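A, B, C and D are the chain letters, set down in written order, and residue numbers restart from 1 in every chain.
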Amino acid sequence: MSENEKNSNPSRRTFLKAMGLGSAGGALVLSGCGDTDLINEVDLEVRKEHVLPNVDPQDFVVPGNEIYYASICQQCPAGCGTHARVREGRVLKLEGNPQSAINVGRLCPMGQAGLHGHYNPDRLHKPMARKNGKLVEVSWDDANKALTKHLGTPNKKLAWIGGVESGHDAVLIREYMDAIGSKNWVNFDPMVPEVGLSAQEKVYGERLPIFDLAKADLIVSFGADFLGTWMSPVHFASQYAEFRKPSRGTLVQIESKMTLTGSNADRWIAIRPGTEGHLALAIASLLASDPHYAARIPNEMSKALKQINIAEFANITDVPEAQIRKIHHHLTTRTPSLVLSGWSAENGEQGEQAALAAHLLNVMLGNVGKTVLPRAQMPFPDLGARSGGWAKLSRVIQDLHRGKIDTVVVHGTNPLYHAPAFMEAKKAFAKAGFRVAFSMFPDETTLACDLVIPIHSSLEEWGSSYPLYPAKDGVLGLRQPTMYPVFGKDSTKAFGEVMLTLIKGVNPSFKHWGDYHAYLIDALSSMKGKMATMPKPQVDGETDQEALVQTMLSDGQVQFKTTANTLRASAILPKLRVPTSPGGKYPYTLIPSPRLGLWDGRHANLPWLQELPDQLSAVVWDSWLEIHPKTAAKLGIKTGDKIKVSSEAGDIIAKSLIVDAVVIASIHPEAIAIPLGQGHTEYGRYAKGIGVNPFELLNPTYDDDTGELSVAATRIQIEKIADYGKITTLATGDLVQESHTFHQAGRKLVKTISAEDFNRTEKEV
Amino acid sequence: MKDIEWSRINKDVLESLQSPRPLFWVVIAICVLVVLVGVGAEKYQYDNGLGVALMNRPHYWQLYISNFVFWIGMSHSGTLLSAILLLTKADWRKPIYRFAEAMTLFSILTAALFPIIHLGRIWDLYWVMPYPNERTIWPNFRSPLLWDAAAITTYATSSALFLYVGMIPDMAICRDNATGWRKPLYTALSLGWMGRAREWMAFRKTYVIVACFLVPLAVSVHSIVASDFAMSIVPDWHITSFPPYFVAGALYSGCAAIITLFVMLRYLFRFEAYMTEEIMEKIAKLTFAIALVWNFLNLGEYVSIWYSNDMFEKEVLIQKFIGPYAPVVWGMLICAMIAPFAMAFQKVRRSMWGMFWLSIVLQLGMWLERFQIVSPPLASNHEPWTWSVVWPGTIQLTITAASFAWFTMLFLLFCKVFPSISMYEVKEMAFHRRREGLHDEVENIHDIQEEIIKTERGLT
Amino acid sequence: MGLRRMLENWSDLRKRDYYENEPYMWGMAIDLDKCTGCGACVTACYVENNLPVVGKEKFASGYAMHWMRIEHYWTEPDDSPEIGQKEPSDHPERGAHFIPMMCQQCNHAPCEPVCPVAATYHTPDGLNAQVYNRCVGSRYCGNNCPFKVRYFNFFDFWKDLPEPLEQQLNPDLSVRSKGIMEKCTFCVQRIRAGKDHAEDEGHPHSVEDGTIVTACQQTCPTQAIVFGNLKDKSSRVHQLWADHQVKLNRHEQDKPEDVRGYRVFEELNVEPSVMYMDRVRDTEI
Amino acid sequence: MLFKKNRQRGPMAESVAEWDMKKGFLHMCQRAGTPWLFGLVALTLLLAGAVLPVTAWADDVSTAQQPIEFPHSRHAGKYKINCMYCHTFARRSKVAGIPPVSKCIGCHLHLPSVRNKPRIKKLFSYWEQKKPIPWLKVHDMPDFVYFTHKRHIQRFIFQDGRPTQQVCGMCHGDVKTFSVGRKVRAMTMGWCLSCHKQFQGVSDIGHPKPAKRWMIPVAPTDQAVMDVDFPQLAVMDPEHPKSIPNSVIEKLNRRLPDSVKAKIVHAPHDCWKCHF
């Protein structure tokens, strides 16, 4: 981390003036008499241009000069700190906030593309209500009336479905739910590794211990795509950079479909889908034969582990025995090491057991306390991120089916898109008496609601959020309006604002806050006692309170005092069945693979991300199906062929997907991967009608222990239905495409040297 | 051979200005139609951007540039026939050089359209011209495109001049016989030509000087066009032998075009008596010789790429023969490399329609040659990630077709307005034939001159 | 450049190191071992530089306008599947070979001499400039670029920009219309702002290292990209070049095999300003 | 063959032949429709001239209607308000900026004497509606031009200590006499260069910093090389900023030490300084 802080050169700060925008910007309408011309043309323009002065601007607003406002990225629950560059009253770019311990000034593509959500042409900018079965735009007065009518009274049968919710938003929702007396607040985010969190809680007594990648000398990752899609990609990427410094750490990635992390591994091992746990167990068994490691687990357990036949497990996992022994050898020689489990391991049939097996290795190797570290206690746990997965969602959907819920509120999640066809979520949803969506975009769920409240983007509103995976405990991120609402004052409203009004109706104790801004500042000020540092007034005449607010806003975060904790690791012997052997009518395992970019589909409406090629297959603006060359040869499939994919659950309701094939070696021959993200039936012009959604085909296979849906355990059948079509890739060339080999053709574009040479020749720069 | 009747020359040629065969009008009508379609295509391209022409990265150049090279190439034969053969005093050039020169002028005018059509911002075209301006910005004199611009304008001007100078005595003949709107036109263009000996002497000298100027110019022009490619670092463009290769190719396709137009004119304007089989045979022999030179240079190019053993160049060469553009390359080899050997047979050389179709085949071959020079190297370049194959789209093909129509239209209109056979030179040829065995008249030019001077003195 | 001055100073202009006395020479170093191929740089470039999103059909037809692209290969340069192994494997067991490819700001740029209107030329601070308002669109430069990193506006892409997306456009640089060639500029607008800033601070000839960051460098989660002034001996980029023994003004580096620095297509004598560092793999595991 | 005998020709004959040619050609011209031809050439030239765009003044707004006829003459002339009092951003930003409405109101609230004039009434109506005044841009640079007021103001006003009106006047003319703002300079690239090319000695980076004088050519050191012989060079008239003729620059350059000359030679226009 020290290096990262060094990199974010302090001299650059002189450039930046991150500051708080007092009240939503006076009359910072798109004006500022600087470059009022939005489009700088390259030809001479023959026309007369207007120049609009500000009416009554803030002192620090200088037309032509940029201002940076600190904010928090809301593209995924990682909660990276951002600086929004503002000129002439419009946000122009998002950059990482160097003060944030999560991302230290960097952002991932999704964070960069946040502006396309903010300025999205398909954003909702009028409340909508269902009239005669159709959603029509209504006035805010009508919307408020409807809101009070349906949500403003105690209602036990109200369900709140949110994404990952944290900070004061979460506090308000909790207060609201308490006030109306409903217990149905569920969070659903398919990308949060709920299975892994549960396993970690069992092993370490902590749902989310800190994984210190930088300190590890060897990382063995069972499908954890920490560079791409695992909880906090930017944070892990900056740790990864540290990890790769001399002397260089080694990364072994074991998974069925290569992820971004896999493509950066020193050794990528293709494993039979759903058998990651078996491999971990085999390694544990080898470790158990060494008393040094066996001492860390109970005796019976090591005895049980020793029973394992490595050759048999090699057979099960399709990884050569020699390879397993090699990994074991390196795990014993390189310390500290770190074992992680992620998407493909945890979403198999026995997800939690596989995760337990992976974490058992950490316990046996003595990594707990070295690379797996305890979290410090945050004084305000209510502000923490509330997440949930399929188990909670399917419970709500069942409740809806049974009529136990009459009002649904959806905020920040899109269950109707994600839920597999077998859940019949749409039907269940239709059974609710009244449905409300707080939403920015016309997504599938929003358009199925009866009342749609268009909310501000995260760059237009006040708010706070707490990261899902805090890099540093006790840091609450703050958001502030960086510009005047894109569609004007009376179009969208801040979520907090709407909630506050709603709560005032059911809980009079909130009445004394005029608006959400006042509430937030008040709430933060009341936590003063628990803050790590108290800023001193910098300017004459500034009160302590003003100094506090100014510092909080320009930092974009607040650090609370935390209390240290310890981890108590307990070894748990995973109970893994031998998986059913492939074959029969559905011989292949479907891996719906998330990717950095479209994520789980929530970013499909951002053109920048649609146009960002997939890191491995280089496909843009489309869905595809990854298939190993051997399997492809067997079935006579070539890149670009149209493939029909069907599953058992899909066949019952006669649902199948048709998608283009990409023959690529970075996948296990028994696995078929279809990326997540496309296949929207709504969600604006950029997302609608592109590609397919692999979730639709999933079988109702649930993890035994956690009740989460086993997303990567569905068996499928594929069938070629048409020959080579055009598939859009970064490498436009047919020459590249037909072979799809991506050869360097003798040019020295990227060469590899061995880590041995690297450690010898490189020194820290 | 039945000789041309002196007295019929004027009549026959002037006849051609009035009543060509009806097919002439059909051809003109088709040409105008195609040109209009082409203009529409260009308008569409202008409005929407060059993307509609289906070029892309890395195929930044395509048909427009290969057409440009093709038309510039075609312009070379006119100069060759008329200037080089004038200097080498080949008498048989006389009935055909006029239309060959016209062909030169019109093909270069057609060629000049292509860089303009090809340009991304046509409206800023004038920036390519070195004109003094307040910004003290000049075009980039290092760019071969600028040399092109200079070479083409020079060549167009001088070949127009050459054509015009050679036409002055005929203009006088026309003037004397013309009526209506043609009368003032010919009067202006004939510059008061009276056919006096003194005028003839000045005329001869001017003509020869312009010819001397034009021959090296023609060679340089196509060398410069070749340097558009040779000066780049694109593999298989960056070839030292490109200038002579281009010049040979130019003469080759130009000669083939002359054969085509020869047959066409002979039929349309009833020039059977002038454009005889003997002349055709001579052109065919010339074409055959040039074809052999071109063949040699072409094979030499392959060999030198092969032995240079440069990875990039070799790759492109191999791709040419087995890659996606292989049909074009093989088509080119069959049409331009093998087909000309038909001209080894006298029967073919003397058959008008045989030669007509053969010349079409040769031109097709040379057109494909230009395409395979431009496109395959762009398809598989240095950077393997960007390899891609693109075939020209409808817009490009339409504009290409329109360029052929445009050329044919201009050419036929010229032949309708101006005598496409040089009357005075054909007379001269007939005169020479009669005086077989005698010395050339130029031998005595000095004596004649002296005589004239004496006469002039006597007069003044 | 004025014609007269060009002629007068012909011999100077023809010197190999034309700008040797200038205080700046912008360069980059990209560590391919740190590069994870995530694509954050690509998106950051779109945001910063007003790059148009062309949509599916146009992307497929090769009209994409990403100034920066991440290429990846599955093989080593000699086509062996992975380091130290000759026989083919079923899987890419050493992962992918990523390389961010953008304009290399060649010091002997092949694109520069061929532009008929001198819209592309070399600036005194070592950048390969592309002046949009001068460009006439002959596309010769695009052909002559061995890296194929020049992008041509085949359409008026920005005219397709729906409201209110145009509010995002960066006012610091132009939005290119049809018929113009464009390419990576090393974020020239940021360089310009940085120099102005240095001038405000009163040290016009020396921009402090790290003051100017390109958009791609700024966002790179692993900080694989380092940008700076190669003539400043204390800059990070200069140190990286020196440590990896890559020198300017040569088409072949005289350095040990295991030192990681290299420049792509150096052998063409184009003198790129971007140094890449080999990717590394642990061969023991 | 053709020229064989010419070598033996006498001087006389040669001259006659030349005359012959000349006369012959002239003769030909006379007889033909020469005016006709010349007319053709003239027409071509005319057409070409029409094609070359004259765009310098295309964006002139001096005749257009501003929302309020702001009298610069009164503010800057009569009351001698510093330009930068209202255009306060000029020294801090690329753009000089139109003053915010609050600034106008700030003063005019305390000027009841003019409160009822129609212009002021209009001003207050904007203020009451909290609406920006839709001014028309008078000096509208093309979008592809990077120009920063800040650098110019900092250099000439704060570093050189010149009077504000003089410095602003270099480009904006004698504003204190204007009733409504208008453009007095073409603001073309050549006009920019008329000043800047005298600094071309060193490029952007080695921007010359002649210590006390403006328009002193190419002195990369702080030594004011020209002071002695050309004391008048630095005199500026806001209405007529003088550019030094090339001949003078050349003469001056000749006096420069070799070390400086060495820098002069690589001093191209750097288009990217202003166009990107």
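As a working rule, a contact is a pair of C-beta atoms (placed from the backbone, for glycine too) under 8 Å apart; a residue touches a chain by one contact, two chains touch by 3 or more.
Since we're looking at a predicted model, the values are computed, not measured.
Colleague: Determine which two chains are connected by the greatest number of contacting C-beta pairs.
Modeller: Looking at every pair of chains, the most contacts join A-C.
Colleague: In terms of CA centres, which chain lies closest to the overall middle?
Modeller: C
Colleague: Report the chain whose mean Cα position is at the greatest distance from that of subunit D.
Modeller: A
Colleague: Go ahead and note the Å separation of the Cα centroids belonging to subunit A and subunit C.
Modeller: One centre to the other, that is 31 Å.
Colleague: Could you tell me the distance, in whole angstrom, between the mean C-alpha positions of subunit A and subunit D?
Modeller: 54
Colleague: Using CA atom averages as chain centres, what separation in Å is found between subunit B and subunit C?
Modeller: Going by mean C-alpha positions, subunit B sits 44 Å from subunit C.
Colleague: Please compute the C-alpha centroid of subunit B, do the same for subunit D, then give the distance between them in whole Å.
Modeller: From the centre of subunit B to the centre of subunit D is 48 Å.
Colleague: Can you pull out the residues of subunit D that are in contact with at least two other chains?
Modeller: Within subunit D, residues 142-144, 269 contact more than one other chain.
Colleague: Two or more other chains in contact with one residue: find those residues in subunit A.
Modeller: In subunit A, residues 34-35, 37, 39-42, 730-732, 742-747, 749 touch at least two other chains, as defined above.
Colleague: Specify, in ascending order, the residues of subunit C that touch 2 or more different other chains.
Modeller: 1, 61-62, 64, 69, 71, 121, 132-134, 173-174, 180, 265
Colleague: So in the complex, which bits of subunit C are touching subunit A?
Modeller: Where subunit C meets subunit A, its residues are 32-34, 36-40, 42-44, 46-48, 50, 53-56, 59-62, 64, 66, 69-79, 82-84, 90-99, 132-133, 158, 162-171, 173-177, 180, 197, 208-211, 213, 215, 218-224, 236, 239-240, 243, 256-260, 262, 264-265, 276, 278-285.
Colleague: For the complex, give me every residue of subunit B touching subunit C.
Modeller: 48-51, 54-61, 115, 118-122, 124-125, 127-128, 130, 136-146, 149, 228, 231-234, 378, 381-383, 385-386, 388, 390
Colleague: Would you pull the subunit C residues touching subunit B in the complex into a rising list?
Modeller: Per the stated touch rule, the residues are 1-3, 6, 58, 61-64, 69, 71, 101, 110, 113-118, 121, 134-140, 142-144, 146-148, 150-156, 178-181, 265, 268, 270.
Colleague: For subunit D, which residues count as touching subunit A in their complex?
Modeller: 53, 55, 58-59, 61, 64, 89, 92-95, 97-102, 126-127, 130-137, 140, 142-144
Colleague: If you look only at subunit D, which of its residues touch subunit C in the complex?
Modeller: On the subunit D side, the touching residues are 142-144, 146, 148, 150-151, 154, 203-207, 209, 262-263, 265-266, 268-273, 275-276.
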